[in-house]
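What follows is a group of structures, each given as structure tokens.
Across the two complexes that follow, subunit A remains constant while its partner is subunit B and subsequently subunit C.
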Partner chain A sequence: MNAVLEYPDNVSASPLTASGLVHCYEGSNVLTGVDLTLTPGSVLGLVGRNGTGKSTLIRAMLGLLEPLAGSAFVFGEPALKLSDEAKSRIAYVPQQPEALAWLTVQQMLDFVGRFYPRWDAPFIRTTLERWKIQPNRLLAKLSPGERQRVDLIRAFASQPELLVLDEPAASLDPVARRELLRELALRAGESGTTVLFSTHIVSDLERVASEVAFLHEGKLLLHCGVDETKERYARLWLPAKMTSAAPSQSLSRRRNQDGSLSLIVERDRYGQWPQASTMPGARIDALGLEDLFVEIAE
Partner chain B sequence: MDASLLTIQPNAPDPIYRQIVEQLRRLIASGQLTSGELLPSVREVAGFHAINPMTVSRAYGMAEAEGLLERLRGKGMAVAATRRTVQSESQRMALLESQLQELARHANELELPAEPVLRRLAKLLGD
Partner chain C sequence: MKAPPMMMVLWRSTSLTMRWTMLTIAVLIWSASAICAMYLHAREVVWIAAIVDGYAGLFAGLTLLAPSLLLAVDARQLRIPRMHNVVLPGMIFYALTLAAIPSILLTLAGGEFAGIFAIQMLGLTAGTALGLLPRSVAAVSGFVPVLVSSFRPYLALPHWASGGLFCVLAGVALFCSVIAVRWRRQLRSVDPYRLSASRALVMQNRSQTMGWHRWGGWGQSRDSALAMQTVPAWMLPKADLNGTGPRDPARSLRVALGGWLLPITWHSMLLRWVSVLVPMAIIASLCARSAGVSILSLLGLIVHGMTFGVWVWLAGYGGAALSLVVAVTLQQRWRKANAELPLLALLPALGHGWPLVRNLLRASLLRVLTIQAVLLALVLAVALIQHVDAWSVGIALLGQVAAAGIALVFALSNFGGVSVPKWSAGLIAALCFGLVGFDNVCMPFFSPSPVLGGSSTVLLASAWMLVILALGWMAWRGWCGVQRRPHPFLPA
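Take a look at the complex of A and B:
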């Protein structure tokens, strides 16, 4: 039998895919079966509360840690046995870059650049200047925000087909964050770069992501287009005396102190909200992603 | 037209592509954008607002399908020539419909009769 047949069909078409990923640390489950497939050219924002396993998921998908169960593929290759060719098409920026801290900014970029066939040296010069980073400074002496910016420059300069960023905005100020989002958005649109980034700043995600996935209690709760998510889900509020009319199907259900109910509901296939929303006193609230996330992650 | 004429609120419940189409409708209905006027490129809008270019394309595509915009070969998007610069009263009224419904809902929640609300509105409108 041909060895290639061992892999699922959609694997080779997707830049990054995972199926049934399970992992735990010291007995507590972090991932309890995650399936995720990135569409080429998409920008996927991965949201989740702190400590929900976003970094673990990312590292397992890239083959940087071996999961207890499940598999991950990058450009159709098993993540744990990537070829150098596949590696040169990926750029990954960890949450706290620490590698090669004894080099200067320029030395590190020159060194790393040798491994990438499409290294964009002019981009580095202009971006270091624009982001006000002196090339002769030691990486170890940079602030966390500067260190993160250097690593982002390194990632962009390799002109990757797949760009994976773990909390890229964590140490950046609002101006630097906006610059990063602009760079991300234009890269995805023009070079067709596929992007996966994790964040807990939902408004960043709403600007540039084309898709959003919520990681909650070890599972992906939702994986959907950003626009579709906003149009398809809403909060239904029912006063206390009407809670018996609540639809049985809802993404989350919260009873408020006065006995009223807040539910996250979904449009049916005709685009209608559940019947209960039309009753007098009931209310449908359109939600931004942040509110939606808070409602279902609470 | 300049990309800065658009306001984008990423965290609003309304998707960004709808926000763009809605603003184009208003700008065209009010005559602030006139027939033949060129729109900023997808890249300019995406770069200025740091939003995904696919979102801008989607908005332009929808506005084109609605007849608000037309694609000029080699020049990009422009305000459609066939459209009267200033729309009829009923068309402009239709653009206000969702806000009017919102206002009516608030007034009902406050159990206000129609008359004082209308009086106040008339005053605001400068009647």
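Take a look at the complex of A and C:
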């Protein structure tokens, strides 16, 4: 982590910043130089296929693993050396949480709550009741969905300024998922909590996220506002005889069986599609978020 | 299927690391014992070599033969035809081979084939039976050296002429019956993969996190969180959260690390002691009644009759077992990225830098090292009272230091992110328990004079020194890692 000492300009303003993060597992690259900055109060949905490094990116950004290169900052502090003050402003829920299985729900929440200055005990009582979780049950005996909900309660109860959730809806039923999204929207809207969550479920992202980031093959392919994606990105289809005119810059490129070419292209800084889109026979298709994700990830 | 490929099925179905490690250890032990028997020219030495080989056979049975059950169970569950007909003959072939090789070697060194072969079969069948019995039974495996030492005056060597051979063969027959019953029961179980306390040890050790077809669970600890799912809630210890919080980070860390380190309520503590002491009291009272004395007199007689060897065994075995419990707990916590590590890494008010590491070391080691110190003091006191020779005291001391070192090594390695193989805890345990067992060759339970001469004492002391040096080197690597890392809650 040699880059910990270099502070990028946007570090102090952003709750969470990653710069040039590189990491690999058993020789295969998972992150290949990822830059990502969260704007305060935003809800960023991180999407990508399985194994693209979403969890690794989140963990590296929070200082839960040492990346091979690059740096991460939380509230302007190096992620690997956070102060207590910074820690008390963060809440993180891992994918399939398994911590403290030997405690009951109530014991775990009591224990963790002693460390947070703004612990919201009444919220716990009402939410446990609303989500029908018995406080005296041992965490080890809960189903994965119940376990995830308890950990979400733990995260919300600390009243964080930065909430990081790794696949929070993966084990939840549709009702619980809807409740989670509502809570997220409420926190972001009313308290100004900055949220980063990874997901496969694009509909969740459309419902709650203000920004979206696509992680693909260890790289962040795009990062923009959710509403912006439809305007900014599209599929450019070029017939076989015109493929030589295809722009060199594109997010994805796929040759179809008939020789035609499908590319995901972006408007330039003047708001124009690439030159090739104006050629006769070429076609620009607007894409929904899910289609865009599939086109890029395929 | 032809015979050679049929035999290879079983060979290939064992864990790669385990089969080569076990085979290497077995070959080394066979060669060493044969060389000793050949050059020491003493009849007694051949039998001791045979017992040592039999001891190796016990581990071979446990780690190579018993896991055949996994193949048989999987084959049955997957409805693979004729597989069972491959597994059983394969097992018998390997058992006979593993028994025949050391027997032939020791016969060439001047031993008696039948008796040596019987000892090897006893070890192999005992090991296999142990692997097929529930995990709880394996806990008593550490008593094997004690039992051998205890019954040594009453056991005859397995000559043709004496009744000793039939005694050993009866043991082999008993273990074979256990194997047959347990094999049949496990194979025909409706759900052999279900977590339960009565499952065979090899089924328990099947890795829970690596997919059900993988048999790499040997030498790895069972995940304590998963284990809790099979235990009724009322039997699980209840955490005592009094005093936890930012004011006492070390106690809070004990809560977060769980397992044996978890502070528990008085009620849970009482329940735990009652569950251990009541059965012991019942056994003691039955023994006292049959001997015609009171329990207190019996206890007095036992304590008075305990030789230094017994104390060394109790302290060595108990100390190493306790350290391993801590080592395994820490290894489990530092292996999971979605459990306690992220929680602790982001928990405010736990401290930073050296104070945090100090609290972490206190939380994980203080209790176990205090117990080790008490055990050591006890051993030294007994040595003083019984006027034990310096060599024996030295060996006992080395054993206790090594036992304490295990916990320290695993703590530092995990906190420092030094990669320690998952099976290393098992290997170190086998090494320490083995050496504690051999301690009783120099310090027998019921005799003040050692079984072997002074050279074996030197060898044993050297072996302990080597273990301590290796542990010291591992601890140093761990400590360097601790100093290098920005915080200790990063996965190992």
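Structural remarks
One rule holds for everything that comes next: the second predicted complex is superposed on the first by the 264 of 298 C-alpha atoms of A that agree within 3 Å, B and C clash if a C-alpha of one lies under 4 Å from a C-alpha of the other, contacts with A are read in each partner's own complex, and residues count from 1 in each chain.
By our rule, a contact is a pair of C-beta atoms (placed from the backbone, for glycine too) under 8 Å apart; a residue touches a chain by one contact, two chains touch by 3 or more.
Note that the structure is predicted; figures quoted are calculated from it, not measured.
Using the contact criterion defined above for the overlaid structures, shared-chain residue A:279 touches neither subunit B nor subunit C, since it reaches no partner.
Using the contact criterion defined above for the overlaid structures, shared-chain residue A:140 touches subunit C, although it does not reach subunit B. Touch criterion not met for A:69: it reaches neither subunit B nor subunit C. By the touch criterion stated above, A:240 is placed in contact with neither subunit B nor subunit C. Of the two partner chains placed by superposition, only subunit B is touched by A:43; subunit C is not.
In the superposed model, C is the one of subunit B and subunit C that contacts more residues of subunit A. Of the two partner chains placed by superposition, A:121 touches none, neither subunit B nor subunit C.
In the superposition on chain A, contact is made by A:185 with subunit B only, not with subunit C. Contacts of subunit A with subunit B, set against its contacts with subunit C after fitting on chain A, share not one residue. Every residue of subunit A that touches subunit C in the complex is listed here, in rising order: 1, 55, 59, 62-66, 78, 80-85, 87-88, 90-92, 94-103, 107, 110-112, 114-116, 138, 140-141.
Residues of subunit A touching subunit B in their complex: 43, 178, 181-182, 185-186, 188-190, 202-203, 206-210, 226-227, 230-231, 285-291. Listed in rising order, the residues of subunit C touching subunit A in the complex are 224-225, 228-229, 233, 236-237, 239, 241, 244-246, 252, 255-256, 258-259, 262, 336-343, 345-350, 352, 485-487, 489-491. Put simply, subunit B touches subunit A in their complex at residues 8, 10-18, 42-43, 46-47, 49-55, 58.
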